[in-house]
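Letters are used for the chains, namely A, B, C and D, taken in the order the chains are written, and counting of residues starts over at 1 for each.
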Amino acid sequence: MPKRRSKSSANPKAKQPKSARKGLLERLAEGPVIGDGSFLLVLERRGYVKAGCWTPEAVVEHPEAVAQLHREYARAGADVSQSFTFYASEDKLNFRGNQAAKKYGVDKINEAACSIAKGVADEYGTLLTASLSPTPSYLEGKGKDAVQAEFKVQTEIFKKYDVDFFLVEFFPHLEETLWAIEVCKEYGKPVVASMRIGPDGDEGGNSPGKCAVEMAKAGADVVGQNCHFDYTTSLKTIELMKAELEKEGLSPYLMMQPPGYHVPDAKKGGMPELPEYPFAIEPRLLTRWDAQDFARKAYDLGVRYLGGCCGMEPYHIRGVAEELSPERGGRLGEASEKHGMWGASLKQSGMYASYDQKVGKDYWMKPPSTGRPYSAALSVPFCGGYAHGDEK
Amino acid sequence: MPKRRSKSSANPKAKQPKSARKGLLERLAEGPVIGDGSFLLVLERRGYVKAGCWTPEAVVEHPEAVAQLHREYARAGADVSQSFTFYASEDKLNFRGNQAAKKYGVDKINEAACSIAKGVADEYGTLLTASLSPTPSYLEGKGKDAVQAEFKVQTEIFKKYDVDFFLVEFFPHLEETLWAIEVCKEYGKPVVASMRIGPDGDEGGNSPGKCAVEMAKAGADVVGQNCHFDYTTSLKTIELMKAELEKEGLSPYLMMQPPGYHVPDAKKGGMPELPEYPFAIEPRLLTRWDAQDFARKAYDLGVRYLGGCCGMEPYHIRGVAEELSPERGGRLGEASEKHGMWGASLKQSGMYASYDQKVGKDYWMKPPSTGRPYSAALSVPFCGGYAHGDEK
Amino acid sequence: MPKRRSKSSANPKAKQPKSARKGLLERLAEGPVIGDGSFLLVLERRGYVKAGCWTPEAVVEHPEAVAQLHREYARAGADVSQSFTFYASEDKLNFRGNQAAKKYGVDKINEAACSIAKGVADEYGTLLTASLSPTPSYLEGKGKDAVQAEFKVQTEIFKKYDVDFFLVEFFPHLEETLWAIEVCKEYGKPVVASMRIGPDGDEGGNSPGKCAVEMAKAGADVVGQNCHFDYTTSLKTIELMKAELEKEGLSPYLMMQPPGYHVPDAKKGGMPELPEYPFAIEPRLLTRWDAQDFARKAYDLGVRYLGGCCGMEPYHIRGVAEELSPERGGRLGEASEKHGMWGASLKQSGMYASYDQKVGKDYWMKPPSTGRPYSAALSVPFCGGYAHGDEK
Amino acid sequence: MPKRRSKSSANPKAKQPKSARKGLLERLAEGPVIGDGSFLLVLERRGYVKAGCWTPEAVVEHPEAVAQLHREYARAGADVSQSFTFYASEDKLNFRGNQAAKKYGVDKINEAACSIAKGVADEYGTLLTASLSPTPSYLEGKGKDAVQAEFKVQTEIFKKYDVDFFLVEFFPHLEETLWAIEVCKEYGKPVVASMRIGPDGDEGGNSPGKCAVEMAKAGADVVGQNCHFDYTTSLKTIELMKAELEKEGLSPYLMMQPPGYHVPDAKKGGMPELPEYPFAIEPRLLTRWDAQDFARKAYDLGVRYLGGCCGMEPYHIRGVAEELSPERGGRLGEASEKHGMWGASLKQSGMYASYDQKVGKDYWMKPPSTGRPYSAALSVPFCGGYAHGDEK
């Protein structure tokens, strides 16, 4: 019987003082670490985030909804509770008519985000982190000092909540990524850095290999990719990163946090340029079995920090945790009590005659039908890139 | 500007004593009433419900998760908070090795479900209801008294929580439906009844028209269908019901609570016999625009109680509410603050060049691509029906 | 070993005087009779027929191309050589700027068509026939005499070439069909009649059953459907015809000549209203295995005259003949020498490693991929119907 | 009005003695030259070629069928009549139980092929050619002399029929290609050479660029690719060839003869390893508009010899000719008399209301539906490669 981690009893860490819990690097040394999933797109569908701005004022407006999602990821098997500070730099909260900065203030939003995540981390024994993400200031060419000043407003709050590690993510430019890493490194905690790039590299023409090497050299303990391309495409990105890192004799941990969608038709601009994004993208959602497939292939490639970005939901994270359970000492999240591997719970029920046949990896890994006879498999993406006239 | 209902201020009902709020029939007389969405499949994906049994012990185990989902539906614009009492008859909680009855007891589960929903109904001014669903006792041929005894255990609790109306749903046999209605009618509250049938009728060979007529004659104030077939197919079912009701001179309100999936390939056994059900069904998920399409077509056909069954999520219910906002005096749910009609919020953001083109009904009603080049549009369903050897 | 019919030796009929060959009704009494395939669409793709007019002046302009196609059908296993007289009534050859009547004359076209087909029939021992098809005169409301006068111009030529039976086909109106049958009946030969209708019936509101019954009562020895709906849909049409014929105590032979395409999305107007018709319809082409599936299902339903309409090519007719070989005393067409059942010829070659796996019905009956990730399964048909302002 | 080439009058070349006709290189100097299409797969569907062996004994058994197909390509607008000598080396005609060599002899088959093509070339003024293709002797490692001896048996016959140029095609190994070119160069006529390779290069690990350069250095006047990958993929192959040729300062004419199917899912082994090949591949057929798209993109890339390989039919070659008509002085094949650009002939007919809307490039370039709701877009190819145990 696989062991299940439970806040009530099975997980002794929950009862331990934080100082006694293993940190990120210790955990990585032992085996794969599981990140959590999507907040923006999931909370958009739950009614708390506005598409377009994609800023996290929900942490102030509806903390109970954010906390609930944190709990779901922790129960799914995530080792990490990532404060919902995405796009919470002050310039972004003020960007293009966004009222979030004015209404709540950058500090209040970052504090609320950290506070909510900390509550869940304490309850479930997960690692607390918070992330920096791209700033409008960078695109407007305001320079390193201005950009890092934006970052520091956030990292000071992260420090106050004593995050276990710093996360730098979703950057399309290597330069800004390195500035972010530099700021985070000042706090003496592990730094994890991922860029939203595909096999073609970043917006500045740097290859994935170059990006990985530079992030590692800047001191990131974990490097990789998140978002914008599906896991199949992103595995290629990681392969390119890995090859270059090896060539340079560098060996940071590798991470992947791909989105929860099949977007093989995305071009260099990534998923957001697909015509279905963000309001008709559900047919592309990964199944839980796709999530398991991702986990296995990423692990086999050497990835040790595996989580999800846009659209990756609790059942996907549970899939990752279930797939990697053998590599994690049989550990499973609490939510696996409500799930059986490869459909086993159906067999138990026996309600429909067909349930008996719906068990097993062979059965569930077959490509699922879409129920959509008027829909094509692929789209022609827009290729206009960013609208900021002021982008470099 | 459309008026938004808000618990804080805009919705005066929330502050009113319950006795002052309008009841179901009053609301139906004024215009369309919006039901809530799926609990089973949505909470399964969130990690709280076990596929196969599909019973609602989450109300005891994780009331915060159930309450959160109720809030999401209320915020989306639902008029109804439906206690999560589905499949909560004692025989089902005990069925085929299910430990829920033994572990918690039928009373505790039904009480918890009603209590959670009541809390949200009081907060948001929604109507409180609770549902009866099919019993194993019926399939085992135990007869009317035994089946109605199962129902009464539940309805006595519903009564204790003073539900605004009784709901009878998901029945595949007209006979059991009528027994359930009979039990509910004793309480002197409105009764809403829907069957999980398609255009071919119920398991006993009764046509949709016959079912509707009999439900109405038995005293159901609202009759219709829920689950098992997608909205396109279910519109045909309702059309058949409506024609027969008119022929008989009956005029109950009509209801539809279809699942949140495209399942045009389902045969008489419905969605559960599709090979993708329930673990690889995400590619079939409705978009929010599909939900609007459902709402418009159902309303035009005369349906006045519109909600969702398996897989219908908060963003779908928001879609229904947004589509019918003109028919509801401009009313919208709170969650529409985080949404713009037909993608308008993207335009506001202007982040991507393509965002400007992603606005408008014409844009979003195009069939979305699936991102799945190895997946076919349709499946060949299993046709084995129920596994109960003891089914009549 | 199945026997192969060959013009050179195996088929003794070819050497026999025509009077010694079995006629249509004798052959039908023995087992299924195989019609030939498409001329219009196949010769359009070969460069000899103009889409839009769809008239058969190729018989005068390029007799060698028409003869070659006749030979291909005879070699494939067809029992019938159907003169290419489709749409060769004088009014159609003159219709809307068509120059065919003026350039060649109705007599010359019908004579050439019969002469070419007769040559092949004599060579291969097939039955000679020629067809009447709908006239513009009918749509223009010119009345029975005018329409029958058009028909008689053609049938007199058919008689001159001593056709083995008369064919009446592709009619969308029962009334005109009956007028055509009446003309044909005068010659004392068997009459075969098929309408281009689906399960919804003809343009005048007559059900398929009504059409079949009336055709039979008018003296048609074989009745059924051709064109406009795919074989899956047309099987339903035939089922309706059969039921009504049985109810009336009538037992004509049944025929099906469906098109060579999958068009499940066609509405009442049939295949021509699909957006892909006629110039982008190739992705819908039946495979040879689809043709076998058609043959088996049609035979099992009681159909005894099986051929093809628009787009049905020689390899489809060969598929029909191969499928029904057991019912035809093991008989196969010559072209089966170049084919092995269910891919057997690949195994013989052994060129690719995969060839060994590409054998057998289970292998080949799997739905084939389309190679078209940007194409949807279904289309929304136009529903404008015919453009003739003068249609009744 | 575009000029149409016609055997009867418009094409004076037909009446000219052969010596007066322009040769291949003269024509290429003037503009694009159009090759013909598929014989193997097209004649397989017409009932004259056996899949698996894929040898051309039809030239002896049914010369009328082969001649007819030649005429169709000439009428479509092809400049070339390519004798059906594919796989007609003696070792292949004897290979693995193939009886063709024993039954007819290698000489008779090559003579018949050349004689038939010459007849059509004389009639239509097309250029006569004949091709060499891969030999089993090469795969069996018999060495250069043995392989070239096989080739010379064929080329001596080609010489006897005074082909206008020699064609070397479908080779998967650069080495054998160069041996074939060497043999052909002895005759002092232009040599055209194409390999069945994709962007990954040949079986021996040579890149497309390397292959092109070596073919050009060996004296091929025209180099390129044919078969095995669809035109979209093959355009990338040609791009790689072109870049390397330019780097080397070489400027042979470029050619493309891709198959008539969409096979984006083919891996290195090409189209034959797809599960649908060769008996269920129809849904992948190019439309005529796809053929025009190919022609335009290939021309724009600099390709000047454009024809088709497996599955490319007369209507595809007509499409190529129509697309490049402006580049060819307005010249069109005879068969364009039966066709209107972008559907214009439908408008003329006006038969259906929808015909008016079915005109124009925008209309027809939309991805066509497949009519196949149970079929996926892509397949997983077999990857076993060739079955010859004796392959190097």
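In this text, contacts are C-beta pairs under 8 Å (C-beta built on N, C-alpha and C of every residue); 3 or more make two chains touch, one makes a residue touch a chain.
All figures in this text were calculated on a predicted structure; none of them were measured in a lab.
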Study note, to complete from the structure: Touching subunit B and subunit D alike are A, C
Check your understanding: Most remote chain relative to subunit A, going by C-alpha centroids?
Key -> C
Practice item. Taking all residue numbers used at the subunit C/subunit D interface, answer same if over half belong to both copies and different if under half do. Key: same
Revision key, fill the gap. Distance in whole angstrom between the CA centres of subunit A and subunit D is 50
Check your understanding: When the centre of a chain is set as the mean of its C-alpha atoms, what distance in Å lies between subunit A and subunit B?
Key -> 32
**Study point:** In subunit B, residues with contacts to at least two other chains
**Key:** 265, 367, 373-379
Exercise for review: Under the touch definition given earlier, write down the residues of subunit A that touch subunit C in their complex.
Suggested key: 265, 373-380
Check your understanding: Can you list the residues on subunit B that touch subunit A in the complex?
Key -> 44-54, 64-65, 68, 71-72, 75-76, 96-97, 230, 261-265, 269, 272-289, 313-315, 318, 333-335, 337-340, 343, 345-358, 364, 366-379, 382, 384-388
**Study point:** For the subunit A and subunit D complex, residues of the former touching the latter
**Key:** 367, 373, 376-378
